[in-house]
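Read from first to last, the chains carry the letters A, B, C, D, E and F; within each, the first residue is number 1.
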Amino acid sequence: MSDFLQSCFLEANRSVTPGGRPNGCPVLLGCPYDGTASFRPGARFAPAAIRHASQGLESYSPNLDLDLEDISFQDLGDLELPFADQAKAFSIISSHVDTILNQNNISVVLGGEHTITIPIIQALLKHFPSVIASEAKQSSALKIIQLDAHLDLRDDYLGDKTCHATVMRRISELVGWDNILQLGVRSGTRQEWQLATNHHTIGKLDDIAHWVGADLSCTPSVYLTVDLDVFDPGVMGGVGTPEPGGWFYSDFLQFMKQLHSIHLVGLDVVELSPHYDPSGASSILAAKVVRELILLL
Amino acid sequence: MSDFLQSCFLEANRSVTPGGRPNGCPVLLGCPYDGTASFRPGARFAPAAIRHASQGLESYSPNLDLDLEDISFQDLGDLELPFADQAKAFSIISSHVDTILNQNNISVVLGGEHTITIPIIQALLKHFPSVIASEAKQSSALKIIQLDAHLDLRDDYLGDKTCHATVMRRISELVGWDNILQLGVRSGTRQEWQLATNHHTIGKLDDIAHWVGADLSCTPSVYLTVDLDVFDPGVMGGVGTPEPGGWFYSDFLQFMKQLHSIHLVGLDVVELSPHYDPSGASSILAAKVVRELILLL
Amino acid sequence: MSDFLQSCFLEANRSVTPGGRPNGCPVLLGCPYDGTASFRPGARFAPAAIRHASQGLESYSPNLDLDLEDISFQDLGDLELPFADQAKAFSIISSHVDTILNQNNISVVLGGEHTITIPIIQALLKHFPSVIASEAKQSSALKIIQLDAHLDLRDDYLGDKTCHATVMRRISELVGWDNILQLGVRSGTRQEWQLATNHHTIGKLDDIAHWVGADLSCTPSVYLTVDLDVFDPGVMGGVGTPEPGGWFYSDFLQFMKQLHSIHLVGLDVVELSPHYDPSGASSILAAKVVRELILLL
Amino acid sequence: MSDFLQSCFLEANRSVTPGGRPNGCPVLLGCPYDGTASFRPGARFAPAAIRHASQGLESYSPNLDLDLEDISFQDLGDLELPFADQAKAFSIISSHVDTILNQNNISVVLGGEHTITIPIIQALLKHFPSVIASEAKQSSALKIIQLDAHLDLRDDYLGDKTCHATVMRRISELVGWDNILQLGVRSGTRQEWQLATNHHTIGKLDDIAHWVGADLSCTPSVYLTVDLDVFDPGVMGGVGTPEPGGWFYSDFLQFMKQLHSIHLVGLDVVELSPHYDPSGASSILAAKVVRELILLL
Amino acid sequence: MSDFLQSCFLEANRSVTPGGRPNGCPVLLGCPYDGTASFRPGARFAPAAIRHASQGLESYSPNLDLDLEDISFQDLGDLELPFADQAKAFSIISSHVDTILNQNNISVVLGGEHTITIPIIQALLKHFPSVIASEAKQSSALKIIQLDAHLDLRDDYLGDKTCHATVMRRISELVGWDNILQLGVRSGTRQEWQLATNHHTIGKLDDIAHWVGADLSCTPSVYLTVDLDVFDPGVMGGVGTPEPGGWFYSDFLQFMKQLHSIHLVGLDVVELSPHYDPSGASSILAAKVVRELILLL
Amino acid sequence: MSDFLQSCFLEANRSVTPGGRPNGCPVLLGCPYDGTASFRPGARFAPAAIRHASQGLESYSPNLDLDLEDISFQDLGDLELPFADQAKAFSIISSHVDTILNQNNISVVLGGEHTITIPIIQALLKHFPSVIASEAKQSSALKIIQLDAHLDLRDDYLGDKTCHATVMRRISELVGWDNILQLGVRSGTRQEWQLATNHHTIGKLDDIAHWVGADLSCTPSVYLTVDLDVFDPGVMGGVGTPEPGGWFYSDFLQFMKQLHSIHLVGLDVVELSPHYDPSGASSILAAKVVRELILLL
């Protein structure tokens, strides 16, 4: 019945397929897991908030001159994840991402907290196996660009090895330091900053193309993980750990320009904690970021 | 009795007339109508919120070196408008603006949603009738500058011809495409962007003076409609449809400089939905915008 | 995939049919219309809030010893309604309720503001036509029980004939004064109280069975309209016009007992304005009321 | 112009005088002073919140069968009070109450914090001087009924003699212990409870008429001070110091019945701190209490 | 320095010992764990909120005529607990409770979510070992009174055996069905209600003394676990899963009377989620409950 | 016990002394006084909010490459101040700052409203007495840098000489106009702007070093007072009087660079009113400002 609400361009169970769904279309998957949040929980509410906020946005992006109505994508809805059993939660996430990849589609995961990037990368690495990049060291074919206020490079946090404060340390063990680029970072312990400095992971916006193409012996596949606290708390107050001094939307637009020449094989948008921003502006910004990134894919 | 609260520079029933009220003084009129809001209602609370917020501001503008206490203006208070009978609401608005103009004053309308600009322009056109601007086409003597995140150029929205998403389309039919300048826009459907591109309505801040004076055969009268969502949601979260990537106050100051050489014959400030910003910062920004614009008149 | 979230017992597009769907099952329909709200809008957000809140409740009612999982019902989701065109909105609502009735099901409408009861009753009257109840006067076979803080018996409000303040006056014209029972009322103008007193519409909890069976020449069909402001603002702060001195949940349980012997042919639950209650307790109470009433059907 | 908003029955500068204003009409005066609030400030916003909330109520009380439109009353608006200079603030309050009394009207003061009752009583005592009630002791002709969760009988609080925690101690010094009746109290220090017990100030609802008429040698004039925290925080969360276990509206109705036979010569309603209750239900309950009390006068 | 803030009667690191600390004094321990919250997290903020709220209450209880300043108690502050490693979190909680018991003191634990009762009971059972209550069955000497809206008797929830929905099932395995009394319950699955009915765990307020003394062959030691959602959401909106139809403060007072004759050996107060109640009334009610219970010990 | 929460780097009663506490270490003192707030009170809650917010920040500053764990500082907690007795409140503040200075430490005061800077400066002037700066005029050795949106140069406000609107006028009388530098100012009356212009107090970011060293005959000691409303309301909505058009964090970083060459002898951070920003972002920004300034000392 055409009278029913359809104005939300992101919605669970939606399958948009103009002209038959080809391979390689973005598939949204909500992972409302926030079991390790140490400061302010609530990322579990993010996927629903992003879908709701998308009602206030157009499906057309004047910046990219592209419209969600002209492309194929699907929204699988939200996984039901046990908060107190991380291993099981990770296993569920990993297997669903694996299924998406097996269907030759691109996973676009809505967190949840940043920790969920670990099982996603684990699933991706099955499809983008390690290669010999040089004589001296082995490297994966998967490169990771991280937008984040925090380095997330602790080895453990209160004894916990896999939590939002250690996520990039674990991922460095999966893909190697050379395959990590950190943008927008402005917080960490002294030890984390020394690690990042030693391994040259902290980049600048105009480094991206150079960094990605540094190893020309293979076509680099890039995974993008967006911790929304990369934005300034003034425009993104609804996150678990706001950190002053971040990006505004103009910085994100500049980043988007850098992405044009890059081959993205998956992405996640994490750490929105919508209840902390009663204006809803954080959720709307998150939804706009998701729209732009889907269109770019 | 001098002990009663008078610190609010904008207040209903206030009539400030140092040295006798001359012609051409600004007259504030609150139009708390939000009957067509599709996403988040609440613009009806805006006039009261702007008046309350003005308590926290000075009446003096260091930017303009002008003080509200040195000029004449009046605040008529808020109209009582039937939400479900748009035609009647528009008629009430239009007739009150007409009365203000008949007294040779300048209407400064506090919305309410953007739709109210339609009856205001209808009233103004009686006083600024159409002229022959060139051989090829007729044009009104009234030019419209629109500050807005959205183009508002749909022909209809859910079958509705006069709502906040179609307001500038209706106004284009009243004054002609050549008399519309859109600033700060960053959202619309593909069709709206094509219309705006075809008719060259989207301008830049340093275009204003040139655009206004383009037709030198008559002295252009300019009406300014400020949809507050032109501002970034970071500084103006309390609007019906926040759109990331907007103006900060420094952009508005730059716009104000452009206005110095322009003859404003009326203005409105619309779409504040104050309940969405519990910090009150949105209402205070709206009040400061109103203060600066009144002083400029 | 069984991992996806299914814990919400009320959800759009859900069709629960253990053992094949028989006739007479409840069908939920969201009507997010709040175009005439005079004081505080936001009832448009109610259906989504009630569905979300139902996640925090069990599907089993210890009070009734019934479980939603054991009965058949369907949730059609929300209609998309034009706020500024009441006639069209009413027509859409009326035709959908008509469709539900044609399928021999029972409409359970989630408002939206109280005004939506008018087109619902109009649709119902096609299926429950008027009969000759006595020699002296004609009467419909449809009786209306209204739970409400307000009489809603104005003839017009600011000249508007069909708005939330006039809804029961309009319905009295459709079904006759004798077929209206008002419970929980505690606010109105002097004129409204005189009308209600003259027509004996204000009842008490233990009057219900007597009132319904008063006319024994036909089997009375009863429609129930629940304006949630019947509850005390202490437990239901999230409504458009809270009125102190209302029901607590124990009063509603007492009312439920009275309903056991009554033949309900439809119901609506209206006027939740969820944003006014950040605790979510209002939405949860609304969801529990809906659960109990569906189970009772 | 009849189109302007007039639906708020309490509003600054309103003067309602059907048939000429007689003596003895209620005069509202807002005293937004909260300079000594120790826990949660914000009572300064109460008068404006009560006026705004009154928009959502009818002017007619079905409980009393009286309508504000049928009686005379005036709303003087809010005094501008210096928060850091209590002596000056008290002097301003006292002199305005004095003026109201000189005009043979009845002051209905909207606080502000409870401390403001002190200057009000000081002004009243000029008009209701002390009399010889019995041989043994002198007593004022003014009796005070206090609705409150707290005894407010400390001698000082942090060395401060005149603050919200000492207000009734100061008043006991003005009118004598015998002239104070405390209802709804449920909090205090051990010392305060001993004082109240020794002086028999704590009463019950059905004691009122007896207590007022105890001294039959004069016609007792009664002043009523309503600290809104007498209500349960469930229905009145927006106060400075909520105390669980308080009144619901049914208790207030029972109190109202007791007042019928009593000669009220003034009243105040204090300690609403509206920002703490985003649902607005506290302000609406305060407005309804004010409406009922004005009608009773 | 006496100028520093000391008005909070519950505060971390406080040790109040008038006249030397005897054995058996209450020791507060904050356990801010909410790792399994399925609906609305935030119980981790409860201990801090309860301490803050206690600033607005007196240390004296007129109900009990007892003052916290006259008794000995200590507040150990909050444990730092890893949210994603439940086993470790439980072990930390259990060992701290054990230490308190070894010092012959009484643990008063502030949750956190209800799950924390499991390690507390495990620690207590070392000090209150099982005894032979009758020939037919073994029973612990520890009886549990649970105040709760929910039965919490599921065997697992999403496969999770130890979470807030299964806590009383696990405890039934530790102490036996006969030693559990559930008060205030009004929600559960059909299976949970059948279990509770079969084992006669659901009691009424006036059953308590009878139930506790049922087995007279030993002096019964009673542990009290207070899930704050036993209260009605109207007075306790700030909990993880509000359930309409609960207790008001008068019910709690009635419960307190029943406790006088009972030997309490420990208690916890859990599930406050303070951010959901911006009025703070929920935290204040929680603090008052804690004050009354400490005084009763 | 190492299990207890210690993640908050700012906390009352904390004394961090790696390697023995030398002279000259920063000592935090909370002064929760907001007795003169004219628009929106709540600065009394600021010290607690800043300490809580510091839990979400690291102790290490990548900007300065310094870590709070490597320096000595102490947090004395909050003073208990009588709101209605300003003289007494000022005396308590002044004497505690004096004690800190006598111990050769540096006072870092967390307000509270801006007025508290007056007693702080009074205490400092005992330790930094006036000197003969030139033949023509006497001057203190203490220079004041003020970050603020408002000039605060009124002579009185509603007759009040010492309130948040007059604080810098009073301080000008203590240290002389030449020793005041105002940065970030954008609001004031016409009279205040004339005063500031005449006395050349309004500076720019790159003027600081020049201004401080202008008088080379003595080593200038600089006191810094940070009214947090110097920041834009978009990133600092939680202040008493937000003023659009302010600093973002990048401006503060630029200011920090200017401070490197300057000898700070004390500082305060005032006017945070945390309840107005439910996202907590304002408190986090305040905590980060405090962290950076402590590290700089």
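To be clear about the criterion, contacts are C-beta pairs under 8 Å (C-beta built on N, C-alpha and C of every residue); 3 or more make two chains touch, one makes a residue touch a chain.
Treat the numbers as computed from the prediction; the structure is a model and nothing was measured.
K.L.:
Same residues or different residues where chain D meets chain F? The copies count as same if more than half of the interface numbers are shared.
P.N.:
Since more than half of the residue numbers are used by both chains, the interface counts as same.
K.L.:
Among A-E, A-F or D-F, whose interface repeats A-B's (more than half the contact pairs identical)?
P.N.:
That interface is repeated by A-F.
K.L.:
Looking at chain pairs A-E and A-F, which one is connected by more C-beta pairs in contact?
P.N.:
Spelling it out, more C-beta pairs touch across A-F than across the other pair.
K.L.:
Hey, how far is the Cα centre of chain C from the one of chain D, in Å?
P.N.:
Computed value for the inter-centroid distance: 39 Å.
K.L.:
How many angstrom between the C-alpha centroids of chain E and chain B?
P.N.:
Computed from C-alpha means, the inter-chain centre distance equals 57 Å.
K.L.:
Where in chain C do residues touch two or more of the other chains?
P.N.:
7, 38, 80, 232, 234-235, 277-278 - these are the residues of chain C that touch more than one other chain.
K.L.:
Once bound in the complex, which stretches of chain C touch chain B?
P.N.:
34-38, 41-42, 44, 80, 82-86, 88, 158-160, 162-163, 275
K.L.:
If we count contacts the way the header does, which residues on chain F are in touch with chain A in the complex?
P.N.:
7, 55-60, 62-63, 65, 67, 232, 234-235, 248-250, 253, 277-281, 284-285, 288
K.L.:
Quick check: in the complex, which residue numbers of chain A touch chain F?
P.N.:
Within the complex, chain A contacts chain F at residues 38-40, 186-190, 193, 232-235, 237-238, 241-246, 276-278, 282.
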